[in-house]
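Letters are used for the chains, namely A, B, C and D, taken in the order the chains are written, and counting of residues starts over at 1 for each.
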Amino acid sequence: MANLSIDLFKKTLRNPVMNGSGTMGYGREIESLWSIDTLGAYVTKGLSLKPHHGNPPPRVWEEGQGMLNSIGLQNVGLERFFAEYFPLFKKRNTPIVINFFGFTDEEYIECAASIRPDPFIIALEINLSCPNVTKGGICMGKEAQSVFSIIERVKRRTPIPLIAKLTPEVADIVQIAQAAVSAGADGITLINTMPGVSIDLAAKRVAFRGGLSGPPLKPIALKAVADVSRAVHVPVIGAGGITDHEDVIQFLMAGAQAVQVGTATFIDPFAIPKMLAGVARYMDEHGLARLESLVGAAHA
Amino acid sequence: MHDTEGIIRENLRLCRDFYRCKIELARPIDEVIPGQFIMLKVPSAEIFFRRPFSIYDYGKRTVTILYKTVGKGTRALASAPRKERVMVLGPLGHGFEVHRGYTPVLVAGGIGIAGIHLLWKQLEKKACLFYGCSTEKEVPLLGEVIHQEPRICTLDGSAGFCGNVIQLLESSLSLVGEKPYVYACGPQPMFANLKGVLAEKRIPCQVLVEERMACGLGLCFGCVKKTLDDREPYKRACVEGPVFDLWQISL
Amino acid sequence: MANLSIDLFKKTLRNPVMNGSGTMGYGREIESLWSIDTLGAYVTKGLSLKPHHGNPPPRVWEEGQGMLNSIGLQNVGLERFFAEYFPLFKKRNTPIVINFFGFTDEEYIECAASIRPDPFIIALEINLSCPNVTKGGICMGKEAQSVFSIIERVKRRTPIPLIAKLTPEVADIVQIAQAAVSAGADGITLINTMPGVSIDLAAKRVAFRGGLSGPPLKPIALKAVADVSRAVHVPVIGAGGITDHEDVIQFLMAGAQAVQVGTATFIDPFAIPKMLAGVARYMDEHGLARLESLVGAAHA
Amino acid sequence: MHDTEGIIRENLRLCRDFYRCKIELARPIDEVIPGQFIMLKVPSAEIFFRRPFSIYDYGKRTVTILYKTVGKGTRALASAPRKERVMVLGPLGHGFEVHRGYTPVLVAGGIGIAGIHLLWKQLEKKACLFYGCSTEKEVPLLGEVIHQEPRICTLDGSAGFCGNVIQLLESSLSLVGEKPYVYACGPQPMFANLKGVLAEKRIPCQVLVEERMACGLGLCFGCVKKTLDDREPYKRACVEGPVFDLWQISL
């Protein structure tokens, strides 16, 4: 079968497909259906220094051909994660990306600093989409300036490659990505969810407020990947509505080195294994030796 | 646990907006613990999420659900013809734990019977079932009476005791036998009343709760129920639940 | 039948449903199916001082359950519009909104200034989503500052009520809307298309770049309407993925005084008449005397 | 012109990836000018836009199209069963204008026959048709020959003249009669060659062009064709077209 491996941050991954942060629990849950080592890399749920309880239910909402979520970053905290969940990935020989966040610059920095380098940790992914309490709750990732400063300060405190994960709710995502890279980001993940609202007609109220994910995001994410990958020299990881192997290949062609899949797994828990098989088939049919040859193909 | 293709063999309207759907599976389903559920891909392009349904009954290659039409997904399911193909993920979640040495008391309100029926079937003689619905039209939801005559009540008094199932339970809890252990499924308000009735003697009780779900697999943390565990209050209804100890959740 | 009329800018409109700018030609085309006076008001194609040729084809692209477009603002210019197309609306006794644009501040201002007040013109709608050539092609509508100054300068040159139509590709649409209102905007239309990209797998190239419209926009638009209508005191007009009467009512509940329908008409040319009938049915079933009572109902 | 519900009465694979679809309409269709088209809502939730198809033939309550599967929409249509319901908007656009006092010469390349067939049928004896396709397998697309024997060519020489239809036309244009007037439909490259052949004598010619469409009604300005009118170069294929004067468009 075709070789799907790709290189990222000087490591070789089995394949370019990761889960999106927060869409594959703590890694063990999916193993009732398939082994976590199916993934090119596992991306953790958003982790923080201290545990977070998250929001009251409902936390998920169907919205047309997509969904809204407001999980509220529930997580067990770094300490419990490493004690209880991290060993699985070593056992499965599966590289992981640690997605993390904070509600103040200091929380971000301490969080990153407290993560000890480990051969299985290929990168930290900083979630810049969450409210900064010290800045009146507006999110980090919206101003190039604040993105630059947080990334720069985090980089000073960790030797682990740092991926900046950006929100699409910005005026110019290329500018934000460039700020992140010039501050030292080693990679960019595009995109996080897009804030949306759903109205309950019967109840005459806002039924739900949360982040939009799934197929409706795809053209927005492809644009971010196409534009940013042209503008920066670091690897771009694409996410947003990826549902099948054709979507994966489209994101690679748009300039992504790797992709993340979230919502699709909720609809079909075998979406990821299926898309990997599909990508392999595509490579065989097109006599492709390496996936790298597809990356950015659409730029030409 | 698998994600299996299935074919709708029966999709019958039992009464009012209640339906029973029997699905034949392409491969055998794992053993089911009463209270477990499936995530069903409703056969309609308009419905994005799968929908969770308790396993009402099952055989080697069949699973049966009992459902009420409350919105677009269940309405779409109700209009699905026989022979329609669906995907069935399950059995999922933490079901009822039956404790020896107690008298099992089953309490079902309305469509809640869907989550209790399998337990009732498996407990046989020992179990005594309290079933409450709004009118006699809904009594057939019980299906064929398996053994011990259930105690029935209706809100309009058209059948059995007149009132809700918790009032019925309260009126006869003393008569059900030694060391009652309650297993309940029904609408939210029912649980609050239930708690009131069981509080004094602190009678042990497990309840099956419903939360909106996206994945049903523990991946998204979308389906949480608040518990009294202050270290980690929000537990996933699809993994740690849907059956919780009544005394450990906050209503 | 129910009375669907609403008041906007001291005029009474038959109903709250307009077409989205650029999605109903010059008004006469649809009359082979239904009369233009079916609309609460007709919104013109984006007009400019001088005619514009627009972009080469393809200009439209199917994208999932939505579409991308890059028409490039083709239009006959104000002069020809008033000479050839405007008379129809007088004849049909149909109020119109004049959507206009420019590629420099001066073009915007001259354009607005050159439109003579007329009882049938209820408002001008300024399209702030187009590239400003003097500012390196980045669009007007992205910075509160430039929005404020352009609106303020335009207002000085026209007595006609001015609606600011905003792009969703911003960091904080409430802030932009507030800038527009404090500069004198009399209303806000939310939202214009969201930039997106589609990849052609077979051709290995960017198949299309353009503005995303249709159902994928709906949750993003509803959020903009819900948030902006809470923050400003002028009427908000909702647009984005409206397909049926339930969508119309949801936008009203979210805080819109009126709505605009674009893409839906391409899929079902009778979408607008059908949704008007649906809204009337809803009003009868719920014993509603006036639609105003629904506006912002979801805020409570 | 209406948007009418229709039922697929026939959806037949004629050869290779060519299909003929006959749709029965809920109400009579207006008179059709050859070259006009319909916007068809393909019966599949995956297909968002309607798709434009030339009216190959029509009756009081039926419309027939001939189509080639080139992508997801046409493939979805090809897999639509008989009795499937569709929506049919039309007749749309500016069709062919037949000018008296000329000898009508019809030129169709491949699926282009779909846009020419109705004109051929209406012109009867007078018309002489040049039809080019890739192989004899595609000759049946002509349907039953209505009157004057058409001139056929195939790229592989398996039937008729060996070459493309423009070469065929060139070789025999002098023989077709007095004052030829060409009506053509086919792929883009064909038009360029055609222009070359007709240039010298500047023979009058109308061509049916295809552009991607969203509305088909002139609402979106998405389907434009570039013309030599420098005041307003881009004309809508769905209103000013799809039939244009070859000498007025820029290829």
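The definition used in the following text is that contacts are C-beta pairs under 8 Å (C-beta built on N, C-alpha and C of every residue); 3 or more make two chains touch, one makes a residue touch a chain.
Quick caveat, the model's predicted, so the values are computed rather than measured.
Contact with both subunit C and subunit D is made by no chain of the assembly.
Think of each touching pair as a link: the shortest run of links from subunit B to subunit C has 2 of them. Distance between subunit B and subunit D, defined via averaged C-alpha coordinates, is recorded as 60 Å. Centroids built from CA atoms put subunit B at 36 Å from subunit A. Separating the centre of subunit A from that of subunit D, both taken as means of CA atoms, is a distance of 48 Å. Residue positions 63-66 of subunit C are each in touch with at least two other chains. The set of subunit D residues that touch two or more partner chains is empty.
By the touch rule above, subunit C contacts subunit A in their complex via residues 63-66, 68, 138, 142-143, 169-172, 194-201, 204-206, 209, 212, 215-220, 222-223, 226, 241, 246, 249-251, 253-254, 294, 297-300.
Chain contact summary for the complex, subunit B toward subunit A: residues 1-3, 41, 47-50, 87, 89, 211-215, 217-226, 231-234, 239.
Within the complex formed with subunit B, the subunit A residues making contact are 22-25, 29-30, 32-33, 45, 51, 53-54, 56-67, 69, 71, 74, 76, 214, 263, 265-270.
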